[in-house]
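What follows is a set of notes on a single structure, which appears directly below.
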Amino acid sequence: MTPERITVGVVGASGYTGGEACRLLLNHDHVARILPFSRGKEEFETVHPNLLGCGLSFVSAEEVLERRDLDAVLFCTPTGEAMRAAKGLLARGVRIVDLSADFRFRDPQIFERTYGKTHASPHLLTRAVYGVTEIYREAIRSAELVANPGCYVITALLGLLPALKSGLADLSAPIVVSAVNGTSGASATAPEVSHPAATGNMLPYSLSGHRHGPELEDQLGRLCGRPVHVLLNTTHGPFARGIQATISLRVKAAAGQLLSRRAFLDIYREHYGKGLDGEHFVVLNDRPSTGGLNAKEYSLFPGVARVCGSNFCHIGLDYDASKERLNIVAVTDNLVKGAAGSAIQNMNVMFGFPETAGLRHFGI
Amino acid sequence: MTPERITVGVVGASGYTGGEACRLLLNHDHVARILPFSRGKEEFETVHPNLLGCGLSFVSAEEVLERRDLDAVLFCTPTGEAMRAAKGLLARGVRIVDLSADFRFRDPQIFERTYGKTHASPHLLTRAVYGVTEIYREAIRSAELVANPGCYVITALLGLLPALKSGLADLSAPIVVSAVNGTSGASATAPEVSHPAATGNMLPYSLSGHRHGPELEDQLGRLCGRPVHVLLNTTHGPFARGIQATISLRVKAAAGQLLSRRAFLDIYREHYGKGLDGEHFVVLNDRPSTGGLNAKEYSLFPGVARVCGSNFCHIGLDYDASKERLNIVAVTDNLVKGAAGSAIQNMNVMFGFPETAGLRHFGI
Amino acid sequence: MTPERITVGVVGASGYTGGEACRLLLNHDHVARILPFSRGKEEFETVHPNLLGCGLSFVSAEEVLERRDLDAVLFCTPTGEAMRAAKGLLARGVRIVDLSADFRFRDPQIFERTYGKTHASPHLLTRAVYGVTEIYREAIRSAELVANPGCYVITALLGLLPALKSGLADLSAPIVVSAVNGTSGASATAPEVSHPAATGNMLPYSLSGHRHGPELEDQLGRLCGRPVHVLLNTTHGPFARGIQATISLRVKAAAGQLLSRRAFLDIYREHYGKGLDGEHFVVLNDRPSTGGLNAKEYSLFPGVARVCGSNFCHIGLDYDASKERLNIVAVTDNLVKGAAGSAIQNMNVMFGFPETAGLRHFGI
Amino acid sequence: MTPERITVGVVGASGYTGGEACRLLLNHDHVARILPFSRGKEEFETVHPNLLGCGLSFVSAEEVLERRDLDAVLFCTPTGEAMRAAKGLLARGVRIVDLSADFRFRDPQIFERTYGKTHASPHLLTRAVYGVTEIYREAIRSAELVANPGCYVITALLGLLPALKSGLADLSAPIVVSAVNGTSGASATAPEVSHPAATGNMLPYSLSGHRHGPELEDQLGRLCGRPVHVLLNTTHGPFARGIQATISLRVKAAAGQLLSRRAFLDIYREHYGKGLDGEHFVVLNDRPSTGGLNAKEYSLFPGVARVCGSNFCHIGLDYDASKERLNIVAVTDNLVKGAAGSAIQNMNVMFGFPETAGLRHFGI
């Protein structure tokens, strides 16, 4: 039976992701109470000045985790915390969406190799459902523990999914994913992310390999039933929010000459449906190209600012016939569809709420 | 009798303000149908890529203005259009919120002097109610025609109101209003507002006198029952949205020595109420100051980005004892509380809907 | 006798201002050696990545202050350091430009009231020359100790000077100075100045009175021979560098009706001379206005980004006949003309070098 | 014989690149006279407000091209103009640096396929020297006609050169180049490049293949003596200036296990020399890595803002052992090293001036 309105704990509520979860939950018709927990000493509205007047206050960890009426917890914590607290909560029937990396891998060895620490609850890894709603919706309905995906990973997966399902991709070549993320995805403590240092600038990082690379390869392997190689590069750009993933995929030689932008748009439209009546949060930019040679037709492709504040993923694509490559651009708000928004989308599915509850507003 | 769900025309729907009105109306429980009108040739979603997939299309002027089931029209047009169309719509019982300057002045001579054109419907000026809901809520309830205020004006009025009502202001000295607006408030056609020219830059303008100066003086005169002088300076800053109005007000000499930041915070809190339960969209930043001499305590004062995308006005203040001046900072999103949001707030009041319908989300 | 090429110490070389001093000195024909001192542990090029490859390294305080061949020291330190070190250096014949506030006031009581600390060398205050080269050039020629002005103060002074000298200002009304500064002028340690918090945002501060207010009043009093009242408000805008000062000045009633933008442009042009052949670093934007009522003619007024990286101050103005106010916009780079650039300009004058040495490049 | 000071025509002087050329030439010791030509009607300083007071005025095409004392012309024009004017100028002994694509390909067919137009002077193509000074310095010394490279191409070439020369690259796999360029590289007329649309946004474009792809492949083929395949993706980021090229290169299998970041830093340092004494404008960021797993060590890699306004190219790199890929980040200012700066560097070489004349200042 679905409770009409639930009580949700937000652990790690002083970070960007936790604050975003609170912002969205404040306008959620099926959420009666929000319990934000943080170890910090500042007041809630000082940490999240956009929520001035909202009336929330930080509560102690005990108050969050030991409340009798607690229905769900969103972990917006660094890697390592959810894996320790999950067991007790699950035993009490509390449903969990973990936004950290703790439960994203089924194989604890990949987790340990990627994150450099031992997993505290390896037995829970196979109970966790990976939280791309658009792929694992049915399993999420009955899940008690959802592992929310990495922000780069969900963006790339949504961009790639129809092409992979079409069977046209040549997976013997690595898939290239060039990603730019807003500075809200960066550690706020590095001096390079001060405003004077970061404005008008780009901050490339993890050139020796980003942790989301193995996660993306793990997921693509599951989807394709064979190993998939990914070349992922990551940079922070001079904006607060949003991820642009530019993806390049080799098309099978036999198919290459027959393909076109139009053909791939059809494949994507068929996969995701048309507009908000299809897969609600994944929207295809299928404007017809009017330009000739190398036209800079910006309106053919998504702009990351257009999804800011929203749970939408916009996708555009073009076909490079000379290279036989499908080039895709997918954009999300790293704090919403890339984190708190898809967590709430998953929570909605877990509790039988309308999937779009609390998430219907458009980008600004 | 209040209709459950209404049909709303948006005239001038290809501009920033019109697009914003559509964005907000798309999530309004009491709006059944949105009719966006624009003379342009592009498709709706090309003009407003943040609304990709929303399903709206531009309709012809005839379709907007001659529909039998039209309940309300928002004019998001340049000055001069609403004044010509209003009479016919009002005769058919259609309620109007005009976001242009056409109906903001009761005296057609002030309009004509300020905007340099003859008024087409001077007889309607006294039927129009000035649309700061927080001031004229009762009159708006029964209004057929609401003149939505200028974005600088509503921001300054909300910032000034409690201080003026307190009787502590010395109105023999001009009130200083230094305002910075996002570039969405600028003419998009000027080459100076291209991204390379405007990023990292400021664009001061109208140094010989901005049109919102007379509007603000007109409103302040009505509120105070005597002429009030305003010195308004205006600049576009390198952000898309939002107005910061920094206001300086002389305090009456007799009162000056007794006053303090704390005393004025009490006056403001009493006027607007506390948090969202008081005047919902006007929220006071009343954090206690911890710092000593000249501390840069940014958290004491509102940041314009914190209200972006929302209908909120955040207000902060401090008292300069050496000058006997109350200094106030009020911030709004120029496209929401400064335009489309307060228009919808007014529409809600006119139709008896909950005042916050479609407007409850926080800034991002 | 003028040394051909000098050795310059930069104390406080890890901050924005100190880094900027090094950047400019690296291309200065009359500087043989730069000695940057900082207490920090990081390497010079890690702190100042724009100077990658320049070859400078931080040196110890001893190396800076006790070198025999030291000719000049620029203090880019917080208030309180130069006042302790100055005496010893001056005794050794080292010339000093202090970019902090230590020597800006002749009266130690105003310093102590404004900065809340006792002055360590009050006897040196009258030996210091205030470093607006355009006003005090002759005194600077023979100065051993120059007090470089506050960034807001020099910008406002250059904007005001011709109007004040014209005798047309009505100084019984306060002069309004609304100033927006880049985030490089803010404390880099406040979390509000992180990129995600500050981008697209404004950070108003010191609403109870900024320390540069008394400094500006002190200087204006000296220039005008009578007390001058200033209302200064300050905000950080979402750009790294640059100050825009928007100034409003009442014109004497008798003169008001006869005045015009054109008349004031003539006054300013006469004062500063025409182009780079006049006062080299102060340039008037005297484009003819083509627009009618309230035209947003951005090209009439300076843009702060246009002086970034340069030692120029651009000035524009307009006259508001209805208010009898002269409105002026003056822009500088807060780190160059507002700090390190004017310090080097003063150093050039002190050593008899060409005044523009190391400072000739334009904004980008 | 080298003339002491020359007269330089700048054709297409109203664009960003032409303005930048003028800005740099204004501080060039060996330039006596600058003749900026533009078809536009606006005044020079209105178009380039950063050069306020510089004294330049636009001259007619005749005045530029028919002057007797003309020594050099920089073409800052769209493709198609230089190819028509070059022959006559060369016949008069005027040296040309063409910043457009007209002379970048030796094979007119590749030009025609890439740019969709017939070449007007195919016989001149083999007389043109490709203008990456760091590669073709000797040929440029005696060149009459230099084809300045595309901004993306020079950035990628400088980033790739030492790795390619080392023989460690496995060229059977395509080289991935993900590039983000400032909006000054975009067409200023597209509405998407207005400030409100582009701030906080990214504008991906040319997903079907950017024109600089064939140019880069052509150059790499010449350098490597065999066909090289490039996957180039391009986006405009929300900053005015600068290109970040993130490059991924497969390393030969035999070598892969033995390699490291340190080994490649040595290769790059050896190729370019150390600091400004080596290849002056190409500087390696070879900070030692202190972090462990996936540390976001931003200071290891170049930031595009750090070269803004300067002619420098900063390079950083890391080695991904699990993928056997060398990942490189190279940054330039697209208007300086990517256009006007390298054009002047080439001009300096052609005339026997010091190569750094007019180009010595650092980024801000």
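Odds and ends about this structure:
In this document, chain identifiers A, B, C and D correspond to the written order of the chains, with residue numbering beginning at 1 in each.
Criterion: a contact is a pair of C-beta atoms (placed from the backbone, for glycine too) under 8 Å apart; a residue touches a chain by one contact, two chains touch by 3 or more.
All values reported here derive from a predicted model rather than from experimental measurement.
With A-D and C-D as the two chain pairs, more C-beta contacts join A-D. Centre-to-centre, using mean CA coordinates, chain C is 35 Å away from chain D. Chain geometry summary: the mean Cα position of chain A and that of chain C are 46 Å apart.
For chain C, the set of residues touching two or more other chains reads 186, 193, 197, 199-200, 238-241, 299, 302-303, 305-306, 308. Taken as a contact graph, with one node per protein chain and an edge wherever two chains touch, the assembly is complete, since every chain touches every other chain. Within the complex formed with chain A, the residues of chain B that make contact are 23, 26-27, 43, 46, 49-55, 199-200, 241, 275-276, 283-285, 287, 299, 302-303, 305-310, 312, 314, 360-364.
Those residues of chain C that touch chain B in the complex are listed here as 115-116, 174, 176, 178, 180, 186-187, 190, 192-193, 197, 199-211, 229, 231, 233, 235, 237-242, 244, 246, 248, 261, 292-294, 296-306, 308, 316-323, 325, 327, 329, 331.
Residues of chain C that touch chain A in their complex: 16, 182-184, 186, 188, 191, 193-200, 238-241.
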